[in-house]
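Structure, as structure tokens:
Chain nomenclature is as follows: A, B, C and D, assigned in order of appearance, with residue numbering initiated at 1 for each chain independently.
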Amino acid sequence: MNLTASGLLFFAFAVLTLGAGTAVALVREPVRAALVGALCFVGVGLLYLWLGAEFLGFIQWLVYVGAVAVLIVFVILLTRREDAGGETEGGRFAGLRVLGGLGVALALFGALAAAVLGSGSLYREVPEEPMVLEIAALGRELVAGAVPPLILVGVVLTVALVGGVTLALVERKPDA
Amino acid sequence: MITLQLVLLVSSALFCLGLAIVLLRRNAIIMLIGIEVMLAAANLNFIAFWRYGAEPGSLTGVVFALFSIAVAAAEAAVGLALILLVYRHFRTIDPGRLPVAHD
Amino acid sequence: MTETATLFLALALIPLPPLAAAAVLLFMPGRLRRPAGAIAVVAQALALFASGTVLVRVVAGGDGFREVLNFTWFQLGAETVVPLGLLVDATNAPVLLMVSLVGLLVFIYSIAYMGGDPRAVRFFCFLSFFSAAMLGLLVANSLLLLFICWELVGLASYLLIGFWFQKPAAARAARKAFIVTRIGDLGLFLGMIWLYREAGTLLFYDGGAGVLETAVLGGLAAGAAGGMTAATAIALLLFIGAAGKSGQVPFHVWLPDAMEGPTPVSALIHAATMVAAGVFLVARAYPLFEASATALSVVAWVGAATALLGACIAVAQREIKRILAYSTVSQLGFMMLSLGVGGPVAALFHLLAHAFFKALLFLGAGSVSHGCGEEKDVLRMGGLGRRMPLTFACYGIGMMALAGFPFFFSGFWSKEAILHAAQAWPVSPGPFWIALAATFLTAFYMSRQMLLVFFGRARSEAAAQAHESPRLMTAPLVILAALSVLPLVVATPAWPWFEALVRGGEAQWALSRLLAPEVWPLLAGSILLVGAGVGLAWWIYHPGRREAAGRDPLEDRLGAGHRVLAEELYWDRTYDFTVVRACRWSGRLAAALDRWIWGGAVALAAALARLFSALADRLDRRGLNHGFDLGCAGLRAGGIGLHRAHRGQLHFLLTTLGVGAVGLLLLLAWL
Amino acid sequence: MDPLLPLIIALPLLASVVLALAPAGLARRIALGFAFAGLALALAAVLRYDTAVGGLQFVFRYDWIPALGAEWYFGADGLGVLLVLLAGLLGPFALWMTPPELPLPRLFFALMSLLQAAALGVFLSLNFVVWFLFWELALIPAFFLIKLWGGDRAGPAAYQFFLYTMTGSIAMLLAFLALFRATGSFDFIDLAEAARAGELMPSLAVGAPVAAGLVFAGVFLGLAVKVPVVPFHTWLPDTYAEAPAGVSMILTGLLSKMGLYGMLRILLPLFPELMQAWMAPLLVLALASILLSALAALAQTDLKRILAYSSINHLGYCLLGLFAVGAAAGPAAGLAAGREAALAGVCFQMFSHGVTAATLFAFVAVIEARSGGLRGLHDFGGLRAAAPMLCGLMGVALFASIGLPGLSGFVGEFLIFKGAFGLVGGWVALALPGLLLTAGFLLRVLLRVFSGPLPERWQAFPDLTRREGLMLFPIVGLMVVLGCFPGLLLRLFHSGFALLP
């Protein structure tokens, strides 16, 4: 296994992504967790870039880092309170819970890894030609075969936006 | 060289990481981040299979990922709005403390 | 335009104007009372004119003149076409003229009589509707069309009897009339569908294929079913219908009660026209009846019984209109009797003559009670002859015509013809003697009424202050009085023009026929009988007598018998005790059946189902589930413990989910 | 493939979806709009139906579950078109007469539309699976309509209605499964063909000789409960009395026709031998339906219950005609005229009764709305003085119900009696007293409610409003028109009946 520059780059991106993800699980302060979460999304975007899907990578950054992460930070700030902001990590079985969670996650990873590694058909080299995602082709693909889903996604997004705003704007009852 | 297996291992790891976030954290917002991480891992799978696929000319994987991102964004928006609402009502965003979570 | 076409145009014009008038009046605002009356009268006058044209045409047509016009009402499939038809012949043309003429006079009378009623528009609407239906009945060339109009005149009668619906008695009388005649109608209905099955058509005349034509009649008379021919069965069923409408025993009970309606209604519908529809039906379907001697005998005997019973009951009545109503019943009996004994022409002529003088008597009675403040009891009247001279004179003419005063009144000659036919009946002399008795009683009760109402002293305050009625009311009386006299010229044995018209043949003028040995003894005998009846009435009710008001001298002379007659032979009460009560009880029985038997079965099924489920439930709980429950309790305890351990249930659930996913994955890999 | 019939069925289905989403304030108007559109479609079907050709028209077929023999198979012959017209007419009528203040209007109107769609589906489907689907679909909205908007005792009535009809349906379903096992077809037309060729009975009787009888009994039970035939009728008075007015109108106008339609479409063509063999008991049931219900109506004092029994009574005449036709099934040519007349009479009577009975229920609803819920026979009197138009129009409807010539009721009764008398003679004569009793109990209504002195408390009884008149006048006018010109409807049967032997 000889590492090329591109291979090194992949490992770097993967480590960045996974590391940031681990940080999210461990950092106690929600704002920081959100920020490392954003970093994790940046890493995913880099992986997309590395795989040749530049357009998707940029979309990933725009949507996740630009919009979702900012939204999350806002919400965290909006819900911050002395008595409620912190997590209730205590309890009699807190350790058990953490162990359980970790155990499940690791077990799942083990199972997935076993499945991935056990399947010979997945042992594929990357094609020689660097693949470039043509945005024009993507556009054609979208308007040629996927118009109804596209419209639906548009509708879903709009409805979600309107719904989100409506939910967030619900007036507080005067007596509440 | 980087094989498909390797990419898939990374995405599996990312998925399990997302799961771990959801399972370990007790803050609904962070749990939401975990969910997004899991979705990103799934998207990574799509892209990987597209990249290493037999028919790179077909853009199905990319298109799917695109839609997935869009839906995930919508989900995040609604989810966050709900969290905000829940917070206003119960003054907490710990799912374990919500009265509805008990019987 | 051919002559036939003109004729049918005229024929169509007979029922249509009143129908159109009824339709217009239906939507007319209630305040336009005067225009409403005018519209109805004009429409009726048009019908009269058309009837006159048709009669002229029939008379000119001569022997056995008959024109038919058939058309399809509707059709279904290839097999069934339901035709209707119109018909003119000598049987219906004179009746058409009579109905439209009496109708017109009654309409004019009504303008004065009902002018003050707030619902006068509605009244004229119903009246016009009746007229249209009655005229339609007369021109029908199809038993089906006849039946349709038959029911419609029934409806008109129902509406008009119950016109003052606020009066419970009127509303009840209307219902009674409808139900009782409907019993007869069902007979007619069954006869009709039976005839339809046998003959395949309901047209009376259809170029040789109609039910009254020889080809079909032969078939009807030949086939026997259940001991009688189809002709007998059908004729008897039709006669049930006729008896219902014409108030024959035992269906006569509705007719006296029908006098609860306004007087013009009684005059037009329940004396002159509709009640004669039954007689007309039998006359119309006479060839069918002739095909069955049995049916004719039944008609004769029922007619005779009705003539006598009606006359008997009339003797003891006190209400002026009720006396006339029973008199109508009796006279309708005469007509039926005549039909039964083979004198359809006499019956038809009596129908016409009776229509005029009975309408006159009813309108006169209306004028009398109008004059003395709606008093109806003849025993509380008296001496009205001086105060209402015109009414008195007209009423007198009507009375003499009805009672059969000799020579100058139509009633005398028509009754004479009936008696003559009855005498000649070969089957039995019974109806003849009964008819004679009824003749005597008729003279008696009419004289009684006359004496009580117009002679002697006034026996009540209202009678003492009576006044003559307005001219619009008396004018029709005068015309009708003239009509009660005039028709006699066409139907005396000396010049049997009417018979020739209906039967065919040429009428010869021969005064000598009056003195023929088979005619004059009967003439003399019946004159004597009428004289005896009048004399008896004079003896009992002579004007000079001094009884207390409201007391009938006959009561003392007849004793218990009078009571039975005054109570109308307890006919109504018998029906109340039998038929009505039976209906009510079977209704209750059916409701109880519903509730307890059928409903009970359902309830039983439900109860059984519930019982089974309870048993199964108990078995489950006590038997099967006990062990299982123990296990479950353990599980639940464990679950509760686990639940306590995980205050954040969501995470617990998620973790479990993850475990499950791992498990599934491993399972997949292992497989 | 003609899309007309699926469109006719889909329209009310669409209406119920739209209504579920529409603002409550607009629900009535939207429902009425859809109902009038349905009426227009029904009229289009009537006008487009080619009477010269006759038979099944507008046929639409589309495979659904081939393995089960299920197929979206619609088609209409004269009878189907007639019933579509009836449904089209009663839809807007029932909605129009529903009182304006109503709880949960959206749900109400959506359920009404669903009921309408179910009835239409039953009238037009030619495949048992689809037919049965609609048949059962009708139950659900009816149940909720009765239970949620009914009178004080609506709950038990609704359950009774549901369980009763469900029992019948199950019997019918089992019978049809047996039929399917024997023949492999759920197609009414195919089955009728097989029956005509004389193959159905032998294939049914393979397992056991009684099997055919059991199948027949099962189908009959399912249909008889719906009509209903005495003694399977006890659910009906309670249900009709408790249901809200508009629902009663649809129940009596459309749902009862579903049973009769099933008898015409299934019993007669599929089981001619059994109809003939069982003629006596069937005719006894028809006579019982006519006479017992009329007698029971005499003993009622609640207007709605009287009308409910009257409904059984009038459908009894249809049964009489139907069973008479069944009794005379066979090749004898001489009976053709009688059969034709009786069948046309049954169809006409179905239509006429649908309109008349629904109108009478509408009038009772009008009276009830004015009297604050009173509808006892003895609660009123002399209403003609206060509300002449109301009483006049209701009187016309009552006389149409009595079967007075010139109104629609007469034609059907005449044709039924005429046809049936030619087929089974004496039985028909036994039914005649029913006509008298019908007049008896309906005139009792006229006497007690409309005649006599007007009580003090009803002095201000309001007459028909313009809105009510706008709907009731044309409907009552229709009774007169049909009574005078029955050919307007009967022309649909010029070419005979498609499915009948």
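By our rule, a residue touches a chain if its C-beta (ideal position, glycine included) is under 8 Å from a C-beta of that chain, and two chains touch if they have at least 3 such contacts.
Not measured: the values here are computed from a predicted model.
Q: Which chain would you call central, comparing Cα centres to the global Cα centre?
A: If we average C-alpha coordinates per chain, D lands closest to the whole-structure average.
Q: When I count C-beta pairs in contact, which pair ends up with more: C-D or B-C?
A: Result: the pair with more contacts is C-D.
Q: Suppose each chain is reduced to the average of its Cα coordinates; what separation in Å results between chain C and chain D?
A: 34
Q: Can you give the whole-Å distance between the Cα centres of chain B and chain D?
A: Once rounded, the distance between the two centres reads 58 Å.
Q: As a quick test, compute the distance in whole Å between the mean CA positions of chain B and chain C.
A: 90
Q: Return the distance between the CA-based centres of chain A and chain B, expressed in whole Å.
A: Result: the chain centres lie 5 Å from each other.
Q: So which stretches of chain A touch two or more other chains?
A: If we look for residues of chain A contacting two or more partner chains, we find 100-101, 104-105, 108, 112.
Q: For chain B, which residues are shared contacts with two or more other chains?
A: Answer for chain B, listing residues that touch two or more other chains: 19, 23, 26, 94, 96-97.
Q: For chain D, what residues touch not just one other chain but two or more?
A: Residue numbers touching two or more other chains: none in chain D.
Q: Take each protein chain as a node, join two nodes whenever their chains touch, and name the resulting shape: line, ring, star, complete or other.
A: other
Q: Can you name every pair of chains that touch?
A: Listed by label, chains in contact pair as A-B, A-C, B-C, C-D.
Q: Considering the complex alone, what residue numbers of chain C touch chain D?
A: Residues in contact with chain D: 73-80, 144, 147-149, 151-152, 155, 162, 165-168, 170-172, 174-175, 178-179, 182-183, 186, 189-190, 193-194, 196-197, 200, 583-584, 586-591, 593-594, 597-599, 601-602, 606.
Q: Quick one: which bits of chain D touch chain C in the complex? Just the residue numbers, please.
A: 160, 163-164, 230-231, 233-235, 237, 291-293, 295-300, 336-338, 340-341, 344, 382, 384-385, 399, 404-406, 410-411, 414-415, 417-418, 421-422, 428-429, 432-433, 435-437, 439-440, 443-444, 446-447, 450-454, 485-487, 490-491, 493-496
Q: Report the residues of chain A in contact with chain C in the complex, numbered from low to high.
A: 91-93, 96-97, 100-101, 104-105, 107-108, 111-112, 114-115, 118
Q: Please name which positions on chain C make contact with chain A in the complex.
A: Going by the criterion above, the answer is residues 645-648, 651-652, 655, 658-659, 661-662, 665-666, 668-669.
Q: Tell me, which parts of chain A touch chain B in their complex?
A: 1-2, 4, 6-7, 10, 14, 17-18, 21-22, 24-25, 30, 33-34, 37, 40-41, 44, 47-48, 51-53, 55-56, 59-60, 63-64, 67-68, 71-72, 75-76, 78-79, 81, 83-84, 87-89, 98, 100-102, 104-106, 108-109, 112-113, 116-117, 122-127, 131, 133, 137-138, 141-142, 146, 149, 153, 156-157, 159-161, 163-168, 170, 172
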